[in-house]
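Chain naming follows the written order as A, B, C and D, and within any one chain the residues start at number 1.
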Amino acid sequence: MNAANLFGLCGAALVGFGLYGLVTNPEPLRKILAFNLLGSGVFLVFGVVSRRAAASGLGGDPVPQAMVITAIVVAFAATAMAIALVLRLLQETGRSTLNADNPGGTNTDRGNS
Amino acid sequence: MTILSVFDIGLAVLILGIGVWTIAAREAFAAVIGFVVYGLLLSIAWVRLSAVDVALTEAAIGGGMTGMLMLGAVARLRLAKGNDTRASLPVRLAAGVLCALVAAGLATAILSPPEAIPTLAPMVMENLAQSGLGNPVAGVLFVYRALDTLLEKVVLILALLGVWSLAPDSVWGGIPGLRLYAQRSSTLTFLAQLLPPLGIVVAIYMCWVGAKEPGGAFQGGTVLAAMWLLVMIAGLRSVPSIDQRWLRLLLVVGPVIFLAIGIAGMVLATAFLAYPAGYAKPLIVAVEFALTLSIGVALGLLAAGPPERVQRP
Amino acid sequence: MKLAFDIFTVVLVTAGALFFLAGTVGLIRFPDSLTRLHALTKVDNLGLGLVVLGLLPQANGVFGALKLVSIWLLVQLSGAIVTQLIAGAVRQRGPQG
Amino acid sequence: MASFLFGAAGFVLAMVALGLFVILQRPAEVDHMMAAQLLGTGGVAILVLLAAATETPPIVDVALLLALFAAFAAVAFVRSASGSTSESRETASGG
């Protein structure tokens, strides 16, 4: 078992945890958090792909690394957007839930994130 | 079993443990703290995967900026306790099985690598000398995949427009609702006076060293954004309203210069986003400096959130 | 000469690691938040200082060594101030907050 | 030499892990805030040890950013903890 495979398995497990949190956690903020965990697990798997393709005296293939850097920044932008949606939902309805059965949430401004 | 593999196993177990804590913690505040710790630990894992550029980005964005963004949201959501019920046990069990299956599938894919591992590293290294850069990742970002990098800046600006457009009509063009520190605390003021000058030096260093060694516009820009936020949180500088012209100018200056050089490449060089022979490095460094500024402003404003009040006369 | 440098590194890094151990023991043993904060900040910063000092002979060139020392100074300064902030939060909310 | 430095990095990692475990176990939020501090010193020590052990000087830059952002995150922790922000003032002036 080399370091690359080890962190690859770690990434796979993190994807599993993140998905579980995304499905079972009711609070939107916790869902966003879980989604970020899932994303970083995917990035870690990508890092393993890069590490494995090490050649020409480099520690890893620079192309996947550059893609992961781009992805981290884009994930941050998406997180900022999602949090702004949740906060607007709170502002409009006074609650922070996606539960459609809740009474009082009749406002049209329901986030579907 | 070498010392090295013991270190790696310990790190992986710690990361997984913090990941579980982030999902399972009862309080949202504790979960976000777990996430910040997770981001900082993950950057050590990236170092172990020989991806120092990614480690820098993860420490800056995964640890610092995302944590700050989420903590702001936690503080607001404390006021509104949603009456969410946790998923029932059968649902949780089914979800657990599903997620275990997904993770197992991924793990199988990782443990069975292709026979001939595809790599672009030799191609990158072959052509890197022409660009005058020493950092292969910067080479990929600014030479071979320059279009991706350009579009990513556009995505940042689009996301910012999306965040801004969530503001109610009455406060459009107003001041972002960044949560300030309640009492003017002299300790925080001192930190906000001490850290930003150091941070600006670090940002310039990151940007400059990015051409040769790990670093670059993303990392430098994130440091700038963090320092700007720190100064605003401490109340040393007021939060600018989003209709300020200088603010919008700074936001677009990086992408515009990048685009202009790209279009000039169609005339002076061979294609869109191609650099004229011999001028690649100075042009890339110029683009990186402009982008650092734009990324810093964009990330800072994304973290500050949509406008919430208008300038009082 | 190389051997002397290596012994210097081994001794100081070991001492630094022991300070990290002491910091963690303090974190486990001390009864309230303020004393734990004290253990964490003071002892760990000293541990980091010893590790950095021990690594100076291994650094690449004068600039590498300078960078190491300035990182330690940065951690030292920001750590001290941030500890003040957390201690302020402890005082404001009481030890159970 | 390299394996000694790796061993030291592993030892500091174990101490950080133990410290995190203790900190996150406690119920008080102020104890949780110390986590960033712990990573700020321990994580930096691990990274400078790794940089020396693998002879990769750029890793020191990661330590630099870790130190900077650990301090930044700690400020965010303290600021967003309940009761220490300007919520009332803000809602008064907000639309």
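Keep in mind that, in the parts below, a residue touches a chain if its C-beta (ideal position, glycine included) is under 8 Å from a C-beta of that chain, and two chains touch if they have at least 3 such contacts.
Predicted model only: the values in this text are computed from it and were never measured.
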Pair of chains whose C-beta contact count is the highest in the structure: A-B
Whole-Å gap between the CA centroids of chain B and chain C: 28
Between chain B and chain A, distance of the C-alpha-averaged centres to the nearest whole Å: 13
Averaged-CA centre spacing for the pair chain C and chain A, given as whole angstrom: 33
Centroid distance [mean C-alpha coordinates] between chain D and chain B, Å: 18
Touching two or more other chains - residues of chain D: 16, 29, 33, 36, 57, 64, 68, 70-71, 75, 77, 81, 84
For chain C, residues that touch 2 or more chains besides their own: 74, 78, 81-82, 85, 88
Multi-chain contact residues (two or more partners), chain B: 4, 48, 72, 74, 168, 188, 191, 195, 198
Every chain pair in contact, whichever chains are involved: A-B, B-C, B-D, C-D
Chain D-facing residues of chain C, complex: 6, 9-10, 13-14, 16-17, 20-21, 23-24, 27-28, 33, 36-37, 40-41, 44-45, 47-48, 51-52, 55, 58-60, 64, 67-68, 71, 74-75, 78-79, 81-83, 85-86, 88-90, 92-93, 95-97
Chain D residues touching chain C - in the complex, by the definition given at the top: 1, 4-5, 8, 11-12, 15-16, 18-19, 22-23, 27-31, 33-34, 36-38, 40-42, 44-45, 48-49, 52, 55, 57, 60, 63-64, 67-68, 70-71, 74-75, 77-78, 81, 83-84
Chain B partner contacts - residues on chain D that touch it in the complex: 3, 6-7, 9-10, 13-14, 16-17, 20-21, 24, 29, 32-33, 35-36, 39, 43, 46-47, 50, 56-59, 61-62, 64-66, 68-73, 75-77, 79-82, 84-87, 89-90, 93-95
Chain B to chain A touching residues, read off their complex: 4-5, 8-9, 12, 15-16, 19-20, 22-23, 28, 31-32, 35, 38-39, 42, 45-46, 48-51, 53-54, 57-58, 61-62, 65-66, 69-70, 72-74, 76-77, 80, 82-87, 91-92, 95-96, 98-100, 102-104, 106-107, 110-111, 113, 117-122, 124-125, 136-137, 139-141, 144-145, 148-149, 152, 155-156, 159-160, 162-163, 166, 168, 218, 295, 299, 302-303, 305-306
Touching residues (chain side chain A, partner chain B) in the complex: 1, 3-21, 23-27, 29-30, 32-34, 36-37, 40, 43-45, 47-48, 50-63, 65-70, 72-74, 76-81, 83-88, 90-91, 94-97, 99, 102
